[in-house]
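Read through the structure below, which is laid out as structure tokens, and then see the notes.
Order as written gives the chain letters A, B, C, D, E and F; numbering starts at 1 within each chain.
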């Protein structure tokens, strides 16, 4: 279990489902036709481009479930920077099994590494002025896997589910107002962070007065953020969200926010190009 | 069941898993604290940008599983073009439940619509000169959902799994040669399409001679494709793949290929921005 | 819940698995291509041969899971005798869905009815002189479904699993002897039937002395059975098993056994020919 | 992974379900009462009759899941002919576990071998004049397992699900006619085999004209088949189905069909008699 | 969804598993033998003793899964005080189904109400001086259900899993010391409550200095607690745990702690006696 | 597989679910922050109080699923008496994994040992005059685990589900009377124990006349039991149930019953206090 591994019970279940999906009822019919049962091989995961590696636990588990006799050794690890042509790890064993598991292993590896790579770009663009957070805007079923990849890229994890922190938004505010919402949340769920989404400086002031833990500023300009930060005087953490891009994240981070949450880290991922080469 | 729906048994399972993931052990703690049990509302799915809608069956199923009393009505359907501000459908019922299911429903809807939107861009760029295909480079667990979204965008589905067509690649060729690979595949798996990946015009000629159903040209220039098409003389279908972008797809399509397969349709998706507005 | 229904939680799970298996990743591609989304139809399950109906609960559940708007009405019920051409029930609703579920519904219906039909043949051949029992020689995963079909055919259910009765066989006897085996079983598992498999009249006498509930005579002739029955004098029930056929079951039943258990009822089933006709 | 193994992810799931079904809540109560915890044994799978072996992967997985310390070695393999008294493989380890897993392992082994044996009989009766195909008339949940056994018997696999080939039948033809059905199927699902079920020579001619890949002749006489073959002149493959028996398959094969599909291979299986002998 | 309901996706899964467990392979054999298929009845859940009701959502779901035609109406709700003889709700429909689901529904209802009842006793004994918290010492699989019942009894939910708050214990402290542990936890997991278990006043002072959110005092006397509270001066919340009983909880609460966490609420539950009476 | 192990397929499933529940989406965030990836440790399960051990198979499986490299060795076994401070077994391996699995392993171990401990108290209080039985009043999902723990405590297992014995109760009697209920049950379910719940001596006489296997006396005094025993004259077994406590069980056992069934063994369990000490 590294810092960047998703929980193993989740890994086991996801890999089993992914293999079942790709094997269908008959399995790898091409390899059955073209590869001898006793053929063995050594193969290498090789990066085709620059980025950050993540998802190795899922690739390992793919082969562990298919055949305990496939040996998997990684020379690079989750969180490592990778370059074009760099060998990441090696497999050895039955060629049929290596080929049969290739797409499943790569689908996990390329997606996770895509998440980690994008995260690191945001982290770098923020230049240490703010921490980059993920969101609950994840691919259904893959949340734990994506959140581990965000960590591998240097980001941090926001809520894991609806159940682990209170996030009061416009619809809640419209019903009962900010102060009462915060009071009720504190009363019912002690020990949970209480965060309120604010759309104006007036709301920010109100949130400060209500003693929230964190204020979420949605779709504000960097100048607005600066004013909000000044207004709050460190009594609450400030999180910014809402369509922040690699181009704009630097300016927002400089404006003094503690956190910048970026849905795109997990909802709009470009897969990193990684291949499997038979040696 | 529309042409663009993923199979219902798959939809049911994925939605159940996604809801379990987002509800955790306690459920939507914010709404429990801030929304009365008897509060009801009407809400609308609204597109925030231009694109193609997909995934409505998953959003409907999300609310069906949470509460049979939530009414869901769609005014737009999978495959429809959507514009910023356009209302796509309405929910009515318990406000708590509407809020609790919002993220899960949107995660499916935005991802699927992202796939459909990207697909349609490729389809348009190909100007009818070639059909756009997806690949097996899908998000683990979501293949059926993504492939339905590709159809909604106007694309076509390549293999659903390792089991439904033979695709002979470099590793197979290196072992037993093209002709023997094709013969063995035909002999063992009658009725399956046999496709061979070719990296040179010599291989194309060999594939033609072996009587394959389809030839996959990987990483060739449009001119190479043109030569391959001429060489094959219609005796096999021609598919192109390998890093084809929205910029280059038009030229490839004009070169005479029947199919252009694009991994990015499913492995590098930008979510379409759709929101849920409480009315 | 009729007497012949398998437990509903089992039915729900098996139907979900069967539909997922038959729909794959894309669903019924033929109907998507050839049947309009709004097309509706009425269809009838029709028997093509003589036999006994079973499995209607599974066919109903198949359509319930696919589409709650498909109406299913049965005119015949589990346990009913059916004749060639007889209409068993009707479906009405979306033609796409009717066709998509057809094979799954029929696979259950034809298999279960095959079990029930074979069971009734044994029951009739035994002419009331002995009860026909099933065994644990069932199709993996379908035990509850097959045992319900045995009841529909007029048979009775032997053990449902390793856990609900003690059956001492040759391997147990070789270890610790009959008397000690019976004592230990009685001591550890009060309230369970204790049955011993006997291969000779001496063993039968020993089993009687040990006070077993039932004696299983394996591979004996009808005359041996008669002698065993006389020896036991009603102090234990007598069950016969071992390759008993429709030809021999009558003679065995007349020999005075209480039960005749027939593995073939569930391990060697000929499907009953039932079709679905679009009206 | 041999040519005759079902996909391992499927094997793992089916064995887990089968063991759960047979162990119930308490497990093997007879062995708990009668066999010491430390007792070990060697046991042999032995065929009681002539046939073809299949399903060894499932029997191995049964013991692997119960206890990693049970050693399983096969002396015969899927696809091998077996004779009465022939030893197929050996188990060694805890006697309790060997007995507890016996029925589950044998239920898989006897069923699969039954499928393989029946398939080989059809294959032999066809005398090489036509290939024997399975169908989707399978036992729910066991399709992949049964299709692997068909391969072990020398048969070939038809569609694995509704999703991997187009099969246009009477109900589709009645709606939109043969030519339009074929065109729509080709248009929507490129790369899939398109097969049409024909009930008359006129339809066969129409199917040829429409350029289908395969023609399915249902319930025709051998002479009809001969005429259809002549009519088609090799422009499409010919498949025959519909109640073809071991007695009639030879005549049909001689009539010139490419394929003969036999539902009975999987829907009406007689289990092969295999036992487990404690040595 | 009431405040006291466990998440519905969890309820659905648990009820399905519980029914499968109790129905086995054959279902309710007693009712099949003794109750006519068409027999209907009205039945009432009745409390046999004083306590607090919880778990109604699970009892409702039990009957919903068995038969959509069983009507369930509750006259009491989760969190309500109940007395001996009080009717809690009514069922009407098929008598067979009512009896078949009785034990499953009651097992949930009696267990949940037991949790709620014990919680309320602790809450009352604390006389409002401290909030009562649950722990992760729950029955495996039932955590969400038990935590909902704790809420119904007036208690509050501590961590739902290892993932939603940081709780630094002796083993972590031994490795890297309190200050570094807190710093590393804050750095890696922003937005999570950081709590430290302290065994001495010196540690409490150190925890205060490190700026933790909450201090867990394990196995201290009320006087120790009083000193710790004084030492902390409101800069962190104080939680007490460790074998606190109904007899001692009052004294601990008076000592000034904010929270008292009680493993017994979920690990040592006495079921509340509730029955189902056929009217 | 010891006499006291729950079935392994059940153990595997329950542990997987329990780990998924406790790991959530992120896993053990505290250990990730505070424990180095390469840190190893030896830890010991230690009893904090007197009782009977059970559930070791579940604790072992917890670590087996998390990491095959964690070595688990037990020095005490299910059914053993344990004392405060006694070491029960040792773990060695990755400290992160040891800590991450601690709560799940202990939740199983403490609950099962609680069941075994309570059972042994009843067994001792009955002084060998009657056998102690469990019931179907179990924690949903844990029945097999609890019933194994009852065996470890010296008790015996009553019905495992609705499917393995007939138990005719007041509701059945009210419908069709005792004699007819017994006849119908015998007729439909041969080989199952038939037990009738009796509320008066008249009913006992009627049950004896009907030839039941066992009579369940509910809520009778020891004197009533004595009279019932005399009346039955050994023609049926006698079971007592209904609120029998550790104080009263001795008197009931002396009254001559064969069995005393105690719902509290599984529905009202106090967890045994067992801890995990890092050495």
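Everything below uses one rule, namely that contacts are C-beta pairs under 8 Å (C-beta built on N, C-alpha and C of every residue); 3 or more make two chains touch, one makes a residue touch a chain.
As the structure is a prediction and not an experimental result, all values here were calculated from the model.
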Listed by label, which chains are in contact with subunit D and with subunit F?
A, B, C, E
Interface copy of D-F among A-E, A-F or D-E, with over half of contact pairs matching by residue number, is A-F
Among all other chains, pick the one whose mean CA position is farthest from the mean CA position of subunit E.
D
With centres defined as the mean C-alpha position, give me the subunit C-subunit E separation in Å.
43
Residues of subunit F that touch two or more other chains sit at 3, 7, 21, 23-27, 32, 100, 143-144, 157, 160-161, 163-165, 188-189, 192
Take each protein chain as a node, join two nodes whenever their chains touch, and name the resulting shape: line, ring, star, complete or other.
complete
Using the touch rule from the top, collect the residues of subunit C that touch subunit E in their complex.
1-3, 5-10, 12-13, 143-144, 147-148, 157, 160-161, 164
Would you mind writing out the residues of subunit E in touch with subunit D in their complex?
21, 24-25
Within the complex, subunit A is touched by subunit B residues 14-15, 17-18, 21-36, 39, 95, 99-100, 103-104, 106-108, 110-111, 114, 136-144, 160-169, 171-172, 174-176, 181, 184-185, 187-189, 192, 263-264, 267-271, 278
Which positions of subunit A touch subunit E when the two form their complex?
3, 7, 131, 133, 156-160, 163-165, 188-193, 195, 213-214, 237, 258-259
Residue ranges of subunit E in contact with subunit C within the complex:
16, 19-20, 23-27, 32, 37, 65-67, 94, 96-97, 100
